Structure formats: C-alpha cells, structure tokens
Amino acid sequence: MFPKNAWYVACMPDEINDKPLGRTICNEKIAFYRGEEGRVAAVEDFCPHRGAQLSLGSVCEGKLVCGYHGLVMGCDGKTVSMPGQRVQGFPKIRSYPVIERYGFVWVWPGDAALADPAKLHHLEWAESPEWTYAGGLYHVDCDYRLMVDNLMDLTHETYVHTTSIGQKEIDESPVNTKTEGDHVITSRFMENVMPPPFWKANLRGNHLADDVPVDRWQVCHFYPPSHIMIEVGVAHAGQGGYHADPKVKVSSIVVDFLTPETETSMWYFWGMARNFNVKDTNLTAQIRDGQAKVFAEDTEVLEAQQRNLLKYPERKLLMLNIDAGGVQSRRVIDRLVAAERPEKLAA
Amino acid sequence: MFPKNAWYVACMPDEINDKPLGRTICNEKIAFYRGEEGRVAAVEDFCPHRGAQLSLGSVCEGKLVCGYHGLVMGCDGKTVSMPGQRVQGFPKIRSYPVIERYGFVWVWPGDAALADPAKLHHLEWAESPEWTYAGGLYHVDCDYRLMVDNLMDLTHETYVHTTSIGQKEIDESPVNTKTEGDHVITSRFMENVMPPPFWKANLRGNHLADDVPVDRWQVCHFYPPSHIMIEVGVAHAGQGGYHADPKVKVSSIVVDFLTPETETSMWYFWGMARNFNVKDTNLTAQIRDGQAKVFAEDTEVLEAQQRNLLKYPERKLLMLNIDAGGVQSRRVIDRLVAAERPEKLAA
Amino acid sequence: MFPKNAWYVACMPDEINDKPLGRTICNEKIAFYRGEEGRVAAVEDFCPHRGAQLSLGSVCEGKLVCGYHGLVMGCDGKTVSMPGQRVQGFPKIRSYPVIERYGFVWVWPGDAALADPAKLHHLEWAESPEWTYAGGLYHVDCDYRLMVDNLMDLTHETYVHTTSIGQKEIDESPVNTKTEGDHVITSRFMENVMPPPFWKANLRGNHLADDVPVDRWQVCHFYPPSHIMIEVGVAHAGQGGYHADPKVKVSSIVVDFLTPETETSMWYFWGMARNFNVKDTNLTAQIRDGQAKVFAEDTEVLEAQQRNLLKYPERKLLMLNIDAGGVQSRRVIDRLVAAERPEKLAA
C-alpha cells in the first residue's frame, strides 16, 4: 500500500551513466536512462513491438533503442522510429516524470499530470558546500512501512545495533512524537551519557575528545511519501547539546529514502549527510562502511518480521508509545493512499 | 498430515547452547532456547509487540529478549517486561512443552494440557554406559511419511545403498510385519551371507574376522508419532544370529526421529547407537560418516519421489507385502490424527 | 501451447550413454535410457510401485531398474518383474515412441498410435560425409514460440549480436516470407557488404580472403513442430551469392530444435552443420564456441521478454512485416494444436 502520486528516489545517478537501468518501483517496471544532453528519462520497460525489456537496450543520440529489433523509443513513450517501419500507429507506452536533483534520480510513478517538481522534497544539505554525503542502496524483502516503523522508533538501536550506536540510555529516555500536517517528528534527548563506538569514532573524526560524557540527540522526521531524515549527534556534555557550538559537537543527518518495489519488497537508499570535517574522505568512507553494517542488521530483522507477518496475517500488532512515530507516519500514508482512490480523484 | 499431540525431537542440545534457535515443527514457528538454569524452553517465534522473530534475539538471565525492541519474554509465553512499558495487557503467545532427555530436545507442538512427560518414548540405550551414540540432522523436502515408508521397508538398501549396506540377499529374504497396538515391527533375517562393506568395517571395528559368512538381521520398530528404531547386526554364521554371544557379533540400533516441518518437508534426526567397542571414537566417527552418506542417498530418492507425487497427485500407489511396514505405520498415524479432530477431542 | 503428436528432439545420444536421463518434455516427465542392444527407450519417469523417479535408477540387461526397490520396467511401460513379487496386475505406465537418428534422440510425447517414423523430419546433411555438425543445449525460461519468433526474424541480429553476426545492412534489406503448406520460409539477401566478425572467421576457416565485400544470405525454414533450419552464408561479392561456386563462398545451416518443457520453458538444441573444411576440428570448435555466445545473448533477451509478458498478459503485441515469419509459423502451430483437440481426433 503506497501512494503513487509522489516523488520517490529511483536510483543513484551513476547507475544510469553507462547503460539503461531496469527497476520496478511501486509495482511499475520502469526503464531509466539518460536521454538528450544526459537528461534522465523513464519509460515503461516494455517495448510496444514484442514486449522486450527496453532497459536491456542501449541509448543512441539520447534515445532508448530496444536491444531486440532496434525500435527507437522517445522519452515521452512514443516510438520515434524503427528500421523499415512506419511507427505512427504504434501504441504509446507510459513515460514517467523524472528529475535528477540533490544527487538522486527521482521518479513519479503515478499520474504524470499531477507531477509537480515543486513537490519534490527539498534537501538543503545537498546544495550546500558545508555538507557532504555518502550512502548506499539495499534491496530489502519487506513492506517499506516496516522500515518506516523501524526508523521512526530508534529504541531498536539498543538491541539491533549493540556494537555501534546502541546504548542502554536510549531505552531509558522518553520519546516525544508530534505531527505537523504530513510531517511527523519523533525526538529523544539523552544527557550526560558515554558515547557508543560509532559516535566515539565521529568525535575523533572531528578532533574532539571521545572519552568524555556527551549529550546525545535523535530527531526523526517523516515526510511523504516515505522519506525519513534523522538529525543525530553528540556534544560534549553540558555545552547545550543539540544547540551547542559546532566546536564541541558532531552532528549529522541520517538520510533514508524508502522506495516500494512491490507490496512486500523495497529499495532502501540510505546514507549520511554531515557538516563536520567534510573534506576528510577517509572519514566519509569509514562512516559509510559503519552505516552499511548497521543497515544490514536492520535488514535481517525486518525480513524475518515480514515472513512472520505473512505467515500470521490475522494477528494484530501492538501500538505502544514508542511506536507512535510509525503509527502517525502510517496515518499520513493511509490518508495519501485514500486520496488517490478513483472516487476521490473524480471529486 | 501429522499428529500434534506427541513428543517430537526438536533439535540437538548443542543447537541452543550459544543462542536461540528458530525452527518450524508441524507448521508451528517455534523459538527454542535455554531458560533459567539452562533448562530448555520453547515459545512461538513471534514477538507480541511487532511480530519480530524472537529467535533472532538473545537470552539474558534465563529470559528470551527480543532482538528488536527488548521485550522480555517468559518461557510461559507471557511478556515479563519491556523497557518503559506496562506489559500486563500484552497478548500471550503460545509456549510449548519441551523436555531435554536422552541427548535430544523434545517438543510437544499440540495441546500443552495433554503433554505428559511419561508419554516420551523411552530410550534404554541412551541411559546406559554400555552404549554410545552419534548422529546428524538433515532437512529433507518430503512428507515425513515417505521416510516412514522408506525405513519400514529395507528392501531399498539393495538398490539405494549399493556400496555400503545393500546386498542381493535382502531382496531374497522374506519380511515379516506385525502390529502390536501402536507399535509396528518389520523383521528380516538372512543366514550365511557375506557381510557388505559397512558391516565388514564394523566387524573389524569389533576385532572380528570380516571375511567369513554371517547371519544378518534387521528388525524395524515404528513408534508414534514417527520414531523408528532399527535393530541391525551381523554375527558369524551359525552362532545364533540375533541371539549370538556378543563376542561373535556386532549389533546396533539405527535411530531415526522424523519430525515434520510442513506437509511436504521434514527434519531428519538420524544416528546409530551401539554397544560394542563404545570407547573407540574413531570408530564412532567412521560409522557416523558412513551413515551420513547412506542417508544422503535416501534423501535424493525421496525428494524426487515427493516431486513426482506432487505432479501426479491423483495416482494410486501400490501396497505390496514389502510395504506392509509403512502401510501399518501410516494406519497408526491416521488413527492418531483422527483422534485429534475437534469432534473427537470434545467427545 | 504445443502439438504433442510430433517428433521432438529429446536429448543428445551421449546424454544417455552412461545412465538414464530424466527430462520433462511437453509437460511429460520422461525417463530416457538405452534398452536392449543399446536401443533408446522412453517411459514415464514414475515407478508404478511408489512413484519413485525411474531415471534415478540403472539399466540392467537392457531394462530400466527402479533405484528404490528394484522394480524392472520394460520399454513398453509394463513391469517385467520385481524381486519377490507377482507383477501381472501392476498398472502400466506410459511409454513413448522414440528414435535415435541423425545424431539426436527424438521423442513423440503424444498418442503413440499415431507415431510414424516416416514423419520424422529428414536431415540430409546429417547423413552425408560432406557435412559436419556441432552444437549444444540450453535450457531457456520462455515459451518456445518466443524462440520461433526470434529465429524467423533475423533483424534482431543487428541489435542482439552486435559483435558477431549483426550488421546494419540486415535492417536495410527487405525480407520475404512465404508459406508452403506447413513449411514457412523467410529470406533476406544482402549484396556487396563487408562481412561481420563471425563470417570473417569462417572465410578464413575456408582459406578465403576476409577483407573484401561479400554477398550474404539468410534463408530461415520453419518445419513443424518447431524445427528451424537457417541457410546462411557469404560469397565473395558478385560471384553469384547463394548460388556461387563453393570455392568462393562459405555456407552452412544453423540448426535449431526447440523442444517445449512447459508452457513457459524450453530445451534449446542449437548447432551448425557445414560443408566446408569439415575435417578441421579446431574450426568446428571455434564455430560452436561462437554460437554458444550468440545463443546465450538470445536467451537473456527472451527470458526478460517472457517475464514481461507474464507480468502484462493482457497486452497485444505488434505484428510487423519483419514478424511475418513468426506469425506464419505460429499459425501452423495453432492449426496443429487445434487438430489435436478431442473433438477433432474423434471426427
């Protein structure tokens, strides 16, 4: 269950630099490629001639050429030409609005007429030279909403990520959740705690003492359709925490774009944006490697959870206070999906 | 089709020494672990909070701790505690009666109220210092009843196990099958035959001549729900066979616990108990390696048979005299399954 | 959708030299083996005793012996004997007409009463010392009719086989298709073109200059049920092309036997018969390796096409002039399948 009238991250720009990419998003099989002047384009991954997979073809002078019989497809889904054929009567295939921005390729899998670039989620850090970003992509066999739950309740860090970012004090600190329109925020603040290994490493990465107590924070933001940005960081204790001077803290944004593939599988674009010591590429690589391990731990837990839910579909799950972030985010999703039902769109 | 009100072998004790084990038995997803004082425990592998797989968690002070959000589960299926939560109203999950005995962990996947430890199948050899045991575990993609058929008719040894225990004289010797209550016995005696390779090796293992004729016996015992013990052995010919003096024979018990996983897959706990030269660990290892090869041969045959039966479900199979052991054992199983139907239990 | 009353290639002779072979053909699970005097035989791969897979057994004195309990199966599907059993009442299993000829084993998966060896497709080149043949076998996850389409329209060579046999002039040359009874012919002739890499190598293999223009031809022949023979070759330009003197050309026959496994999978027996430099075994190996690469390229395209068609079953495909070969071949197939419907057979 996912809204289709929304901008989702489809792929990383370098996934389509050399050749087209076939990827299923929101149950749509889509061929992504770079068209004229390198602009990204996306059409159904289905050649109107004989149903070949267009993404197995090549790009020639900005057009997607089917790798079976050379049909030339335009980025609007209309066949441009085919050797020896008149193509005016060929059926049109769907094309998908697509935008390359902020270091990602975004696609709108729903009604193209409603696709407004202004609706694209704004990412300040992606446009600022004071920030840097690195991340990766995992395919996960679970409903993307299980990942929403996961990321909007970081209590799990204590148990799932015991050797990196987990610590007992997470459990012991109250969590606060609120909803502002379609924006859900869950926050947790820990004062005067020892930093766990991941944060010790980041403190050292910013040339700060790592063996002293810190104030730690986690502020999770859910934005539709399923983008989750988590402000995280630690500051030397008693210096203002979240608001402390940059000289005594390390802070960053955990970036999670959750893109449904099918009802029970998803593409997980994960990474971290940071604004300290941004030119240290070794530090960047170290953070990315650490995150890769952390998110692989989540993947194992969520895929097992998905199998359990498929085996016992009738069981009700609990909704505790710690689950409020996921619950409220799912309500936003439910509302968006309901608004896309035919009778709603006609109204 | 399997009775659920019965003790099945669930796992080997060392499978749960370091961490919990998730295993499906009779279609039930179960988490096995060592609770207080190392006592085995078993609960549904489904956290009542969000459906996570409990067996991915850890054991802390004898309690199973969910690896997602730290819910602490008691061995009775009641939530003990959860950080920051009142758990009294949490739904109970199932717990399963479980016993560690005879070097195995046993589970009762049916109605816990009916689970009587006295109903556990008694294994004399497992408690005697004059015997030793070694074995292994295979996952087999077939209905466990195909394995019952297989083990209650050893005619197949001639064809499936040609290089180890098979010999032409098996075919040529009559088989006798009888049922005593729920206990089915199939026996075959061969006189004055040359021992096949597996038995030659055992004769040598017991410091007996291996190049002389022997009397060989096979007495297969089926006990509910699906335990099969096969008395096997050879004695130098003319010395009394099955009843010969231990000094002129080698005898042992092939131990087969067949535990259904689903309708078409099973856990196969196989091994051999012997009472000759029991301290010779090299001999023990050699026998286990030989059995591993033999039972892998069965597995290939039975998985192919299962695929055939699934493709042609309407076909009737033959029930010959050699199949009597399997046929009579299946009748016992049918009777036990029928007795578990709701209307029977209510009566 | 495939006719069953037809001779299909079942396997290569050496696939059954050492032991039986189990293979599904037209949805029938069949055990192939060498019976008396090495003659090929084929019966259902289902033992009438307990449903074991007969092809896992062995051949003893020309009879197939079940590897489970030693049932001896005759090549007519009647049980010959079984140790200790009377077998007269055993149910008969199907046997399949089978012929070894032309270096292939052929099977008739339909009504045995209609199997006429005279209906076997005649292969002149297979009986002539002036020709040699080499080939291979691929399992392909697609409806065999997608492969018919592929082979009856070689336009795709330009796009799928860019580094071996593809060249732009294929596209630019008109194609001619005609049907003579159940025989469909699609032909294309290119004049005064440079030979692509595969043909350069063949020219050199026949001690001819490879850096001069050639006339190139492709004449595709579809014969029921799904045999496709493609006359291909190049001659030095202006010497008569297809009809040129053998001293200035290289010509051969691409041999494609398409045998359905299920509705959406097939066995692809591919190869090349040639009548130049036939004793050069290095050349033979080089051609076979080249073809292996070419047909692997087709396989990738067709399996992706099949997945697309399964996901979007309601979509109509285009039938262009270049598709005429496939379209007309499918009409022949449709007619043969229709003729096999019960009401037709009864008429």
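Going by the order they are written in, the chains are A, B and C; count residues from 1 in each one.
Here is the rule we use: a residue touches a chain if its C-beta (ideal position, glycine included) is under 8 Å from a C-beta of that chain, and two chains touch if they have at least 3 such contacts.
This one's a predicted model, so the numbers in the text were calculated from it and none came from an experiment.
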Copies chain C and chain A - interface residue numbers shared by over half, same or different: different
Superposition of chain A upon chain B: rotation angle, C-alpha, nearest 5 degrees: 120
Centroid spacing, where centroids are CA-atom means, of chain A and chain C in whole angstrom: 47
Per-residue multi-chain contacts in chain A, two or more chains: none
Chain C partner contacts - residues on chain A that touch it in the complex: 29, 45-46, 48-53, 56-57, 65-70, 82-85, 90-91
Chain C-facing residues of chain B, complex: 149, 153, 155-156, 158-160, 171-172, 174, 300-301, 304-305, 307-309, 311-312, 315-318, 320-323
